[in-house]
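Scroll down for the structure; my scribbles are underneath it.
Chain naming follows the written order as A, B, C and D, and within any one chain the residues start at number 1.
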Amino acid sequence: MLDALRTFLGMGGYAAFVWPALILTAVVLVSMLVLSLQDLRRAERTLQGMEPADRPRRRRGAA
Amino acid sequence: MSTFWAIVARDVRLAVRGGTESVMVLVFFVLAAILFPFGVGPEAEVLRRIGPGVIWVVALLAAMMSLERLFSADHEDGTLDLLATSPAPLEIVFLAKAIAHWLTTGLPLLVAAPVLGVFYQLPGPAFGVLLLSMLLGTPSLSLIGGVGAALIVGARRGGVLLALLVLPLYVPVLIFAVAGVDAVIFDAPVRPSMMILAALLLAAIPLCPWAGGAALRQALQ
Amino acid sequence: MANLHRFANPAQFQRLSRALLPWVAGITAILFVLGLYFALFASPPDYQQGDTVRIMYVHVPSAWMSLFCYTFLAVAGAVGLIWRHPLAFMSARAAAPIGAGFTFIVLATGSLWGKPMWGTWWVWDARLTSVLILFFLYLGHIALSRAFDDPARGAKAAAVLALVGAVNVPIIKFSVDWWNTLHQPASVSRLAGPAIDSSMLPPLFLMAFAFMGYFFTLLLIRIRADLASRKVQALRVAALAAAE
Amino acid sequence: MNGFEGQGLACVRGARLVFKQVGFHVAPGAAMLVAGPNGAGKSSLLRLMAGLLQPIGGELLWNGAPVAQDPDGHRRRISYVGHLDALKPALSVAENLGFWARMDGQGPEVVTAALARLRIERLADVPARLLSSGQRRRTNLARATMGSPAIWLLDEPTVGLDTDGIAALEQAMAAHLDGGGIVIAASHVQMFEAGAHQLVMEALKPELRDDIW
């Protein structure tokens, strides 16, 4: 089982290029996703804090 | 059409009376071009090999340098509002400003190009094609660059932004212009690249005013 | 002229996106799992390029996506300019960074693919060079849309730029191809993609659809975030006015 | 109805609703003062009338016909004076006005008449950079009176003018009205005699709309 894993990771000798390419793609995609989700959560939490607008004193202060 | 020539005449008069603008562009063009031999060495065959490319890249940067104020100056003193309410549509106003920019910036580059041709040891026939490529190419630089100038009206730090917007769009003009001059140096056919360069100009003449007019309309809001 | 009642209804979009998002995200996740399984385990290495072909399963779909995103940008910008539709502008502003991300992936994986094949990190191949210029078109679009104090003004200027860019992309591609054949050094063979035989198609298309799903998931998230932050601004302005 | 008319006009600038449901009608030979507090959208309304801004709602009519259908014709018909004076410092007053005259395809005689109308003939050869703000204002007003535009759109025309300047402006406006022209001015100064038509705009609560761009 171990050597099957090792051959797989070896990528026919090109491990030094295949894995960085895949990892880099994952890093770019995941970081864009995480950043966007953070923006969304921050904006919507601020929004909940402000709505309904007619009771401003309940506002927990803008971000 | 009197509007068109009125704008061109006024801009040229302003440039002449303002004086320094087109002279500075010309000085930058020559100065930047003569820096390269200090970098790559003075060997004739090296200079001849990179000559057309360097001359054209520097010409392109020089033409772009004076574009930032093309519409921003008029926007700031209220002239753009009046130009927008003048009888001629914004597209004609844009075309006139772009042609005026070419006359005051593009054309002077043609005067200096042969001097640089000498610095770069270009062979005899290359001078004619270099001038032809600049004659066909620099108007496109003014038209495409004019769209960039119209887009950055009212933007923060317009200068740097203009370069980022316009340089990628300059690539086709650069490729075909230099291809023509290289062709004559390496006895390859010159006609194809010059024809395409002319085609790019013919495409730019209607398309750039259309885009530039739309961009200026946004600036008036 | 768009008159008052024909406005886009952001609240309606909020409800729509809230319902749609989990489905789109779910489908994307499934596609990714399937795609990676096929790409890494179930398909054989290429007889010529060995396992480096697995880079292609990421490189080629992101190249398709970089072009798709720019087309999306141009269409959204055109719709925004013609019908003054705020959601069109917001989707363009949301799509630009995603497109830039994909274009960056194309360049990075392209160079990682080129190194084992040609021994250099960058090959001035016609396609890679065109993608490099496309990357700067994206940066120009993003920079222009953020260069104005008023986001609406930035979005409209960027929309015009996207249209100009869309007209120029084929011209740039054509001129770079011409330039490439002109300066074709004999040694570097064209970066021809490997002969795509049938076993490579499933992972390729699965990954392409996974990327497409990812694009729409992120688009919905970013538009909702944009809408929410603009609503916060609107409420702040209203609160200021009420306080006067 | 002939003359210049606006129905249910709404204007958005930078996603901010500036005004809505604004209507007016000015018959040929009549004048209208646009009044209202700061931020009520007086300047925006004038820019909208000049065709610099597109209304988000409602429409403008000239002699009953929608203006949007004939933008070139409308531009020929209006003459706009904004807050800025659009003078190139390097050019003299006569050269500045000469440029705008040529823009309408007219000759230098129109320039001399305009300078006389605003009583600034002596400034003709003075470079614009040497002018005071009042003189710049009068030069800009002189430009607006050139040619035969039917509608004058003047945004705060009296700002910076001395009494002689205001007298010259009133005389020019009176002549224009007698000739069947229309004058619409945004100002805090009661420029026209008491009976003149007035449009008072009220400042909308600043409202950032996220459904209009």
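Before moving on, here are some points about what is shown:
The definition used in the following text is that contacts are C-beta pairs under 8 Å (C-beta built on N, C-alpha and C of every residue); 3 or more make two chains touch, one makes a residue touch a chain.
As the structure is a prediction and not an experimental result, all values here were calculated from the model.
Taking the mean Cα position of each chain as its centre, D sits at the greatest distance from chain C.
Note: centroid distance chain C to chain D, computed from Cα atoms, is 46 Å.
The centroid of the Cα atoms in chain A and the matching centroid in chain D are 54 Å apart.
Chain A and chain C have CA centres that are 17 Å apart. Centroids built from CA atoms put chain D at 37 Å from chain B. For chain B, the set of residues that touch two or more other chains comprises 221.
Touching of two or more other chains is recorded for residues 153, 156, 231, 238, 242 of chain C. Listed for chain A are no residues, as none touches two or more other chains.
Chain pairs recorded as touching, per the definition above, are A-C, B-C, B-D, C-D.
Chain A makes touch with chain C in their complex at residues 8, 11-14, 17-18, 20-22, 24-25, 28-29, 32-33, 36-37, 39-40, 43-44, 46-47, 50-51, 53, 56, 59, 62. Contact residues on chain D toward chain B in their complex (touch as defined above): 13-14, 47, 50-53, 71-72, 75-76, 78-80, 82-88, 90-91, 95, 99-100, 102-105, 143.
Interface of chain D with chain C (complex): residues 10, 14-15, 20, 54-59, 68, 205-213. Touching chain D in their complex are the following residues of chain C: 1-4, 7-10, 80, 84-86, 89, 150-153, 155-156, 227, 230-231, 233-234, 237-238, 240-242.
Residues 81, 133, 136-137, 139-140, 143-144, 147-149, 153, 156-157, 160-161, 163-165, 167-168, 171-172, 174-176, 178-179, 182 of chain C are the ones that touch chain B when the two sit in their complex.
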